[in-house]
Each structure stands twice: as structure tokens, then as C-alpha cells.
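What follows is a set of structures to go through.
What follows is a pair of complexes built around subunit A, which joins subunit B in one and subunit C in the other.
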Partner chain A sequence: MKRFWCAFFMFWPIVAVILCWIAPGQNWWFPRGPSGTGAAMSPLGERIDDLFYMILMITSVTFVGTQVALGYVLFTGARRSDTSHDAEGAEKTWFTHGSHNLEVMWSIVPAAVLLFIALYQMEVWAEYRVKDKFPEEVRKGPQAEVTARQFEWRIRYPGLDENGNPLELMPDPQPTDLYTVNDLHLTSGEPVMIWLRSEDVQHSFFLPELRVKQDAVPGLVIPVWFEATKSTEYSLLCAELCGWGHYKMKARLVAEREEDRLVWLQELQAAQNDDGVPDAGDASDDE
Partner chain B sequence: MSTATPAAEASHGHGHHAHVDDKLALLKKVHTFSTDHKVIGVQFLITTLLMLLVGGALALGVRWQLAFPWESMPFFGELFAQQGGQISPEYYTMLFTMHATVMIFLVIIPVLAGAFGNFLIPLMIGADDMAFPLLNALSYWFMWPAIACFGMSFMFGGGPAAGWTSYPVLSAIQQAAPGSGMAQTMWLMGVTFVGVSSMMGSVNYMTTIINMRAPGMTLFRMPLTIWGMFITAILQAFALPVLTAAGFMLLFERTLGFTFFIPGGLVVNNADPTVGGGQPLLWQHLFWFYSHPAVYIMLLPAMGMVSDMMACMARKPIFGYKPMVYSMSAIAGLGFIVWGHHMFTSGMNPALGMTFMVSTMMIALPSAVKTFNWIGTMWGGRLEFNTVMLNSIAFVSMFVVGGLSGIFMAAVPVDIYIHDTYFIVAHFHYVLFGATLFGVFGAIHFWFPKMFGRRMNETVGKWHFFLTFIGFNGTFFPMHLLGVAGMPRRYADPYLHPYLEHLLPMNQFMTICAILMGFAQILLLGNFLISIFAGKECDDNPWHANGLEWSAPSPPPHGNFPSVPIVYRGPYEYSDPAQPEGKDFWMQTEPPPTSS
Partner chain C sequence: MRVETIIIGLALLISLAGCGAQQAEFVNRDEIDELIPEAQTHVRKVLDGAGIEGETGHFGKPTNMVLWERLPVHYHGAYGAFAETQIDEGADEVSTLNVSLLEQNLPVEPGQTLAWISGKYAGQASTAVAALNEAGNQIEIDPGLSVPPDAGDRFAIAPGAVISHGRKLYAEHCQHCHGVTGDGNGPTAKYLNPRPRDYRLGKFKFTSTGSSVKVTRNDLSQIVENGIPGTYMPSFKLLTEEENHAIVEYVRWLSMRGEIEFKLIQALRNDYSKEAVDSAVASARESDSKLSSSEARQNIVAEMDEYLTGDWVDEFNDDTKFLADQWKQAEDPSALVIPKVARVADTPESRARGRALYLSAKAKCATCHGDAGLGDGSQTLAVQKNPTTNTDYDVPGLFDDWGNPLKPRNLATGIYRGGRRPLDLYRRVHAGISGTPMPAFGTVLKDEEIWDIVNYVMHIPFESRDQRPGDGAGESVPASTEVATVAPDESTDIAN
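Moving on, here comes the complex of A and B:
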């Protein structure tokens, strides 16, 4: 029975490792998304994934090493207890209070590894959040303002001027602004910025395929930048408990080429300015 | 001085049933306002075991919804009595809020500090009772107003629904959630009562451990359980006031119109715009300033107990006793400067993210040192694979997973993605259930003979362990994968989002494992209750352990020891070749050969 328990404790880490190994093939891994592979759909997201895999590698080695060590001490300990401690010729229990050298070793090595992990992460974090490190492209201003509320995302875009170019997004709503709900259109292939706000409680702006997450905090306007590499639709959802309907704050991010986005904005402007009263000149349009 | 008198009186007083009555001495006082630390310990233990069932049932509600969304829940559905047993989204938020609340405030913290802290501290340091017995009793009885408040919160609109973290604005404005009315106020009062209870215990433990150790019980001869309890008590004393203050601020905000956390101009659920200049992040800072150290409050005593059980069952001294103590101290010290890692995506200053990342990474170090020392303790030992040992090994094995997954979320960039996903849920269940609760299961089996003079049934104990371990890993390991797949926490219906649809079968598998695990707890409870009356009788030191508690009668009488014990050595002198009688244990109270 002792051996059974030793094997039992070794069995489950093996299952765990196998499970993680087959997970990507079973689609139990990063959301496959538009790429179909599970790779992040943004450059910064790819670097986050790289960091994830680096940590996964370090922790896997540690995990396997620790479990093997555990297995070794369990099996040898079980063997030792086959005979009673005072039996003739019994294998002696190792009487020790520890080892200074080992303690030093297994303090310094993990400390160095952990410090390395921490320092190695700094750059990506700084690029993601520290304003001075934001890419040049996003400094000209946000493309939209996303305001979370129970339980939807309200989005405000700046209106277009006479030439069809977007105006600058003002902190306060303007008469020319354009609005959508749960439908965020941004330019693909270049870094873009949004302002994130909340109208009521905390929410969190979560784009899983792009590896973007930022809480929307009432009273704060938080700039968030990211870059969608591919022109397509992405999931947008809430990641901070915001009430009973938390799960249904479902929206989409449509990343598209700048010219497509401008066309879409024009249509939005036309729809929004349409007062429903037929113009004399537009009579033929109403047919 | 006749310290033996109480024991003698007790057995005389009960006449010819003395033998049986003695064993039930603690149980018989369990309903009374006793100031005996052992009775209070047993009171805490029984209360928390009952609460474990409540918290588990709430968790099964959560799991049911995730596996079979919007389908009527059999049996428990009747209790929910909403839409024919269907769990509504409102109710779902209340279920996970109260699951966490019950498990943290009414199970894990009180079972460690309340039950085992109370029962073991005086016994293990050779004191006759706690320094402040009355305060000690009050600490138990203050649990009941808390339980009442939490229970009553269900009657006001269905229970608090802002998560156990209760972030304002959601928890601060009545209109924000169905449970944010009176229920949230009751919840805050419940937390305050639990806090008062913990604080009374904490002051008491510190005083007792500092002042009332038996002669010869130097600090570095204390069992690691006592170190764990001592450090926990210090953590509580310094962290709890912050939570209590934050709780009162939120209470005042809700009831008296103060504005600490609510900014002005919010329109919540079509109510009038809010007035004020509060800052919601303030709550998160205050809350986590307590609640991160609280994670260690929920872990350190279990670490200590597992060390004691493991040394005994491996018949070997603790490997690196002092590094173990220093590690626990380091965890406690660092534990105060890592709270910001719960807030990486909260919008706080990004520079803070970097500092909290470094401190959080560093707290993994003492945890690693402890893990290596536990394996070192078993290394070269003569292992006994009984229920106590199995649960202790499980503690180490699971703690490794919980510790390693913590590194992912300590790394800020990676945390951006996994924050508030099921990866986090997996992580803290591996620490709090995988580590702490397995430690507690082991401790129940280990110290049960001291409480009731009988042993718990080994076969049932092993079955309980086997099923719980399988059920636990089946439930919680896949959560890592769900997290990587981007499934957010606290979603009543994740499958609304197309990229999560395919995760339903995995969630169903996990729920089945959770149900298995839930039913396995009946074995523990049955074993516990039946063994009190019908367990195999045993002597005062059934495990051949060294600690002072094993030199007292089982159960120890009022006053614990027949005479003041004198301590000659540390608690881990197992298999010492110098032991004069050739035994593989050497009790702390046994005089060395020279003095005999």
C-alpha cells in the first residue's frame, strides 16, 4: 500500500504535464482567434506570450524537478519503513538537522531566477503602461473614447470635418461626436489609443486575442493603447465584476484599414445626422 | 501546588463512568461559555467544519451553473427557490460572493487560528491556558454575530453580490446590484465581527506565546506550529485594523452619506448622479493591505502544522528548522509590501506595478525554501503513510503548484492577460484548498486523539483523502487551462462569448469532480463524529511524537499538565542515535540521561 501512495503522488504530476502538453492541440489554450493558432494578435501581445512561455518553461522545470525529488524521498522513505527502526540490520533513518550549504544554494539560485524574471518583464510593462514610452503614433490623440456602464460599452468617436477627416477627440462630448454601442472600430496595423472611462461602477476592458486588459475606473480617464495586427473582428468583454450582468457585456472590436474606418465613420455620421425628414433634393434617395 | 487536582476531581466527579466521560470532557462543554482553551478550540473546530459544508454547497451552486447554465439545479435548486431551481445571474453573483466569504472568514481563518491555535498553543508551549481566557471565549462567541450577519444578509434581496472583495462603487451604491442594499451592510457588519474575533485571538496568542512558555521552552525550541501561529497573530494585529477601518468607511459611505470611495457624477442604474470626490482605488489599497497578509494568515499556521506532522511521520528532525522560521518571518514581512499585485490592471501608477512585481517575486523565495526543507525533512526518513502523512504530502505537492502559478501573475505583463481569469481562481484554490485545507485535514487526524482520547478511522481517512485529492485536482487543475483560454471569473454564462463556447465540456468534467469532492467530505465528517464515540482508544502519545502536548493526558484536563513541564530539547529529535533507550523519538519533557 505504501508503494501505491508513492505512485499515486507521482501519477498526478504526470497527468498534469500531459494535460498541459496536449492542451494547445485540444484548443484548451490561448483563444485561437482570427489567426487560428492562438498566437496573440498584437505585437505587444506576442511579447507577453513570450514572457508567459519563458515563465512556463522555468516553472515546468521546477515543477518536474520538485516532483521527482518528492518521488525519490517517498520511495526511499517507504523502503526504509519496511523494517522497524530497532530491527536487526534495519536501514537507519538519516539523523540530521539540515545542511547549511544546501540552504544557501536553494536560497540563492531561486532568488537569482526570480529577480531575473522580474527585471526581464519591466520593459514590456513600461511600454504598455508608462505614458512616456507610448509609441509615437498614439501621441496625436485617441481614436475613440470607450465608456463602460452596466452592462454595455458606449463608444464616442470624433466627428468628421468637411473633407471627411476625423476631428480631434475632445475630453468633453461635442455636438459633432459620433456614437455607437458595443461596436468599437479602430485602425489596424498601427498603434491606436482609446480613452477608457466608466459611467457607474468598475469594469475592465478585456481584449483576449490582443492580450489587453485595463480596468475602467469611475472618475478616471485611462489611456489604453494597443495594435491589432490583422483587419478583422475581435472579442471585447468585461473582466471586472460589475453587477449581475457582468457576463453579458459582450462587444466587438473591429480593426480595419484606416480608409475603411473612415468610410464606416462617414456612414455612421450620415445615419446619425439623418433626422428622418426627407430633403427636397434627396427625394430620389428615399425611393 | 497541586496542579494535578483538576484532573483528579474530574474523574472523581463522574463516578464509575469516569473513563468514558473523561474522553468526552471537551465535547460536553462545547455548548457552554467555557474559558478553557481546549473547549474553545473544539468549539471553533466543530463550527468551522459545519461552515465548510455551507461554503462547499455554495461552491457547488457556482459549479452547477458553469457546467449546466440556466438548468434547474437538483436538490439545492429548491433552496434557491428562484425560477424553479434555476440559478439567476443575480443569484450567481451572490453564490460566489458568499462562497468566498464563508470559506475565508468562517472556515480557513477560524479553523487555523481559532480551532488549532486555541487548542495547540498552550499545550505545545506548556502553559495551563491562554493569557486571557475570557477574551479567548469572547473571540469564539463573536463568531456567532458574524455568522448571523452573513446569514441574514441572504434575507435582504438575496445576499451581497459584489464579490468577497466588495469593490466600491459596486458595493457602495444601493442601486448598483440587487444585493447592494441592506445585504451589503450586513456583510460589512459580519466582516467587522469576524475582525473583532480575530483581533481578540491575535492579542491573546501573542501574549501567551511571549509570556507563558514552560521553563526551557526557548523561542528556538518552539514547534513550527507555534511559530506559524505567532507570526500569524502578528500579521493579524497589524493588518486587520486597516480592513476594519476600510469596512467602517464603506459602512459610513453607505449609511451616513460620507464619500470616501465614490467619485462625483456617476449615474448608476438610472439613480441620481452621485455627489462627492471619492476614489474607488483607495478601497482596493486598503482592502488588499489586509487581504494579502490574510492569504498568509490562511497559510502560515498550516505550514507550521504540516512541518510538525511531517517530522513525526518521517521519524526525522525538521530539515533546516531555523531557515523554516526565518522563511515564515520573511513571508510575513514581505507579505506587507506586495498587496499591489492584486491591482496591476486597476489603473494605479504603473511605476508601482514594477515595485510590487519585484517584491512579489521575492516572496516566492521563502516559499521555495520551505518547500525544499519539507522535502529535505522526508529525505532519508522512515515514512509512515497514514492519513496524516498523506495529507501532509499533499500539502507540499499542491503548494508547489500554487506557488509556481503565482509567478505567472506576479509578472505584470503576463498578469495583464491572466488577471481576473480562471488562472487566478486555480492559483488561490491550490494554495488555500490544496495546501491549507489538506494541512487541516491532516491536522484533524493528527490531533484528534489529543482532543477525544480516540483515533479516527484510518481506512475511512484514506478514502477521504483519496477521493478529495482526485476531486480536487480534477476540479482545479483544468482551471489553469480555462484561464489561459481567457475565461473570465465571475461569469454566470461564459458561453455567451463564442471564443469560450468550446470550454463547456471541460467545465462539466470539473463540476463532476467538484461534486465527487463535495460528497467525499461526508466521509470526513462522519469519521470525525463517529470516532468521537467509537474510535479506537489510544494512549496519550499514539504517534510517538515529541511535542509537549503529547505528555498531557488525552483529553487534557483543565490546566493541561499535572505539573509544570520542563523542556529539555527541541520538538524534532526523532531517531536521535543518542537517545538512551533506543527509541526513535525523544520527548521534549524527557530529562537527558545525565540528570537522571
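Moving on, here comes the complex of A and C:
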């Protein structure tokens, strides 16, 4: 029975390692998304992935190491107790408890590793979160305001001026503003910023393919920036259990070239100013 | 042994996971309980055959739908009638048939089934469709038929494909709020204000049609796509067009089912409610003291059976046709509310005119929406009359036709449930909001006047608080003195 338990406790780590190993090939890893491989679709996202893989390497090595050590201890323990301890030639148990050297070692080594990770990721973190480090392009202002609400994403865009150029997004709603729900259109290929708010409870703005996740907190307006490398559709999800309809908070991010986005905004503006009279300048009737 | 315990625990968990699954069932309106059991049976028989052996009624169960051809619902992948087909001499089988498609909702693909709805093959096992020609007027069927169907025989391709897809999606996305029956009574409904719509009155609030006209498919599909801002009705933007269409058809079907049920109960409620029958029995025994009460009751039930096999059949057919026509009429382009005049330029002058109208006795917006548009007009404090029963409500304030208390919109929030286009607001004012006390002004106000009001209303959210009359530091003067005009007067258009 002792051997059984040894095997039992070695079996699960081996299963875990094998499962992790085959996961990417089985599409149990990152969502494949538009890249088809599960790779991040934004430059910052790639760096976040690099950090992730680095941490994964460290934890994997630690995991395998500790499991091997555990197995060794279990098996030698089992072997020793095969013979009664006062019998001839019985192996002695090796006491480690209270070993000062060991204690120091396994305090300092993990601390050093953690410190290394903390310092190493600082740069990426700062770029993502600290306003002064935001890329130049996004400092001119947000492209949209995203308001989370149980259970949808309401989006406000600044309107267009007479020449068809976007106005500046104001903190308060303006008569010229344009609105959509669950449909976020932003420029691809350059860093863009949104303002994130919540109308009711806490939500989380999650673009899995771009590796963006930011809580939306009632009462705060949080700037979030990111860059979608490819012009395509991405999913926008809520990543904070916000009520029974949390699973419904699915929307799309359409990243498109600036020209296309402007055309889309113009169409939105025409639709939103529709007065239903076909000859009044715009032909977009709702039928 | 611990391993055994784990295994037994797992087995238990797996077997428990199967519990709690329940069959979706339609429920009847509460009013059905007022009827005598025989009348209840009739209603069930016509509607869904619930509890009656061998009966499916005109609607069946959610999991076993009956597709009643007389309702204008897109049930099938395609639906049409056979046309005259020339048959080659000597051919022992026809496999190419001329058809006229009346409806095509899904692409016709090889392998779909074709079911005959009328004619000599009606009710027989169906055949597979091989192809539809490009012009859409000829189908190949496989296997062919030895005797061709008659011209005018109706058929469905992919029978029920749209509506059953709609049901699945409805169960997944809508049912927990709107309920299996569409009665707005799903398990989450009680936590919501406003309550989810009860489709069974056949009334919808945010339509593009005139005040007593039904909702269009397009309106419903917009609602599903964009949700209703300011309420818990979510947006389902990510559904495909086909899914959206399927859900909308299912909602329309539920709505028609509810209306038919209401009509059925209504037809029997006067004479064959438990109460009416009891008093009829009493009065019959008064005039004939030898009559036992069970005999008297039998006579009344016999009378009812006579009615149900006689006059009622025609009444029911007429009602159904009337209902089907109403829903068809909504799809007619002439049913849409389209302004005759383009939007009046949104100038301060226009807004000022709009404001004056807003406060005027002609439009009386302020009596409900308040001087400052905050939704606190005098009518919210008055006791109103229930338009269906013509009795006063127990508490002051407005109610909708479903009996839920209702506040006039706070226009300062800038949230418009029926859409924020000028056209949407024009329609709200022109046709009112059906099912609510918000009246239609299309006949009272000229187009230009409605546009002035729209311009003003759209500007209310942008007035700063101290500019806002009746809401700043300044004194507020009630604009209207008609505090206690209880009943909506003749210009109000509450569709019944």
C-alpha cells in the first residue's frame, strides 16, 4: 500500500505536466483568435506574453523539481520503513527539521526570483498603466468612452465636424456624440485610448486577444490604451462576475484602418440624425 | 478506503447532475381558473391540448410545436405552392416541379426535406429536395412522384426550421426573463424594473407604426439587436441576421398565441365562468323548483357545447383572421409613421417654440413629464383610471396596460428607450407609446410642431441645471393647473 501512495502522488504531477505540454496543440491554451496561433495581437500583448512564458518557465522548473524531490522522499521513506527500525542494517531517518542552512536557502532563493520578476516586469506594467509612459499617439485623447452596464457595453464616440473629422471626446455627453452598444470601432495599427467607466457595479474590460484586462469601477473614469495590429474583429468580454447576466456581456471590437473607421462614423452619424424623410439630404431610411 | 469514497462521490455527483432538468411547458393565463372545468378544457383543446389525450391544439408545446398555417409567421425554410407542371409523356415519375415560392427564409439546400401541407400528399412522409433552380420557380425532388401534386397544393421546405431554431435561441437568451410562454414572468423577472415585456397582449411599446398598429418585424429585430437602453433588456448584437430573424418569428408566434388565448377565455368568461354558471343554476332552479342543481348545470354545459360547435366556430375563425390581418398590416409600408416634413432646423427659436408647445394645453407633455422634463408632472400624483376596467387604480400615478406602475420618462437623462434618432422621437410623439398612457399626438399636432417639440426634448439633457425651469434655484411656477384631470381625455390614444 505504501508503494501505491507513492505512485499515486507521482501520477498526478506527471498527468499535469503532460496536459500542459499538449494543451497548445489541443487549442486548450490562449484563444486562437485572428492570429490563428493564439499569439497576442498587440505589441504590448506580445511583451506580456513573454513575461508570462518566462514566469511559466520558472514555475515549471520549480514544480518539476519539487515533485521529483517529493517522489524521492516518498520512495526512500517507503524503502526505509520496509525493515523494522531496530533490525540489523536498518537505515536511519534523516532529520532536516531545524536546519538553519536549508531555511535560509529556501527563503532567499524564492525571494530573489520574486524580486527579479517584480523588477523585470516593471517596464511593461508602467507602459500599460502609468499615464506619463503612455505612447505619444494616445495622449491626444480617447477615441471612445466605454461604459459597462449590467449586462452590456455602451459606447459613446465624439461626433464629426462639418469636414468629417472627429471632434474631441468631452467628459460629458454632447449633442453631437454618437452612440452604439456592444460595438466598439477603433483604429488599428496604432495605439488608441478609451475611457472606461461603469454605470452600476464593478465590471472588467477584457480583450483576450490583445491581452488587455482592466476593471471598470463605478465613479472612476479609467484611461485604457492598446494597439490592435491587425484590422479585424476581436472579442470584448466582461471578466468580473458582475451579476447573473455576466455571461451575456459579450461585445465586439472592430479594429479598422482610420479611413474605414471614419466612413463608419459618418454612416453612424447619418443614421443617428435620420429624420425619416428620404429627400432630406440623407437617403438612409430605416426600412 | 479513501479511493472508494472518492469514486462513490464522483458517481453521486455525476448522477445528481442529471436532476433538475425540466420540460418547458406553456402556462395559461390566470383568468382561465375563473372558467368552469368544461370551458377550461375547451380552451386547452384549442390552444395546446395540455392534459388531453391525442390533442395538440393549434399551438402544441414548446418542444412539440404545431405550426398553424393561418398565422403570418415565418415557420419554414421556404414555403410555397405548386404550379401547373407539364409532364413528359411516358415518364413514370415526376421529379422536377414548377413552384411559386411564397416565402423564402433560408437558402434551399440539397438534402432538406419537403413536406406537403395541403392536397393529396398532405400529412404523408416527406421527400428530400435536390435543388431549387436559380429563378426560384422550379424544384427537383428525390425520390420523384408517380402522380404529380395538384397546382395550388402547398408545401414547406425545411419545415419548421426557422421557428424551432428560434425556440432554441429564445430558450437560451430570452426565456429566463420573458418566460416560456412569453408572459414576462421568467425566473429573473421579479428582480427587474421595468418588468420584461409580456408578449401576450400583442402590444409593443417602441414601434415605427401608427398608434393602433402592431409592431413590425424590423422593430422587433432592432430591439433584439440594440436592447432597450435604461432597462434590463440587453442588446444581442452578436447574433447573426438569421438567428435574429428566427427569434423574432418565435416572439411573434408567442405573442399571437397569447392573443388567441386571451380571446378564447374572453369568449367564455361572461357566461361560463364558475360564478356565472352558479348564478345561472340558481336562477334556473328558482323558475323551475323540480330541477336538481346538477341537471340545471348539465343544461348549461349542453348549451355551451352547442355554442362551441355552432356560432363560436365562426367567431373564432373571424377573430383569427382579424388577428392575422393585423400582423400582416404592420408589415405594409403604409403602416410606418414617416414624417411628411423634414426635421425643422434645430435652432434656439425652434426649441423655444417646442418648449411652449411642451407646456401648452394642446400637447400637455408637462402634465406628465413635468415642467423641467424630470418625469414628475402633476398626473403622476393623480389617481388614474384603468382603461380596460374603467375603475380607479388603488394608488396615484400612471400604469401601463400590463398593470405595472409607470413613471413618465425623465427627459433630462438623455436615454431614449425607443432609439435616439430624431425619427424615433418623432414617432414616439406622433404615435404615442402603445401599452402606456403616453398619448399619440399625430392628429393634434402638425409635423412642424412635432419637430419643434423633438428639438426641444433632445436639448433638455444639455440644459444646465440652473437654466432648467422649475429645477434651479429660481422659483418654479406650475405651468398647468389641470392637476386632477384623471382620465386621459379623447385625444389620448390608448390602443385597446
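By definition in this document, the second predicted complex is superposed on the first by the 275 of 287 C-alpha atoms of A that agree within 3 Å, B and C clash if a C-alpha of one lies under 4 Å from a C-alpha of the other, contacts with A are read in each partner's own complex, and residues count from 1 in each chain.
Going forward, a residue touches a chain if its C-beta (ideal position, glycine included) is under 8 Å from a C-beta of that chain, and two chains touch if they have at least 3 such contacts.
Model, not experiment: these values are computed from the prediction.
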item: Touched partner set for A:239, first subunit B, second subunit C, both or neither; value: first
item: Greater residue coverage of subunit A in the superposed arrangement, subunit B or subunit C; value: B
item: First, second, both or neither for A:256, with subunit B first and subunit C second; value: neither
item: Partner chain(s) touched by A:175 [first = subunit B, second = subunit C, both, neither]; value: second
item: Subunit B versus subunit C as contact partner of A:154, first or second or both or neither; value: second
item: Touched partner set for A:211, first subunit B, second subunit C, both or neither; value: first
item: First, second, both or neither for A:227, with subunit B first and subunit C second; value: neither
item: Partner chain(s) touched by A:47 [first = subunit B, second = subunit C, both, neither]; value: first
item: Touched partner set for A:145, first subunit B, second subunit C, both or neither; value: neither
item: Intersection of subunit A interface sets (partners subunit B, subunit C); value: 150, 244-245, 248, 250
item: Interfacial residue positions of subunit A with respect to subunit C in the complex; value: 150-152, 154, 173-175, 179, 181-183, 244-245, 248, 250-252, 271-277, 279-281, 286-287
item: Touch list for subunit A against partner subunit B, complex; value: 1-2, 5-6, 8-9, 12-13, 15-16, 19-20, 23, 27-33, 45, 47-48, 51-52, 55-56, 58-59, 62-63, 66-67, 69-70, 72-74, 76-78, 80-81, 85-86, 92-99, 102-103, 106-107, 110-111, 114-115, 117-119, 121-122, 124-126, 128-130, 149-150, 198-202, 204, 206, 208-209, 211-215, 217-220, 222, 235, 237-248, 250
item: List of subunit C residues in touch with subunit A within their complex; value: 173, 188, 208, 218, 222, 226-227, 229, 232, 234-235, 237-238, 333, 336-343, 414, 420-423, 426-427, 451, 458-459, 461-462
item: Sites on subunit B touched by subunit A in the complex; value: 88-90, 92-93, 161-163, 167, 169-170, 173, 176-178, 262-269, 278-281, 314-323, 345-347, 350-351, 353-354, 357-358, 361-362, 364-365, 368-369, 371-373, 375-376, 378-385, 390, 393-394, 396-397, 400-401, 404-405, 407-408, 410-414, 416-417, 419-421, 466, 469, 473, 477-478, 480-482, 484-486, 488-494, 496-500, 502-503, 506, 572, 574-577, 582, 584
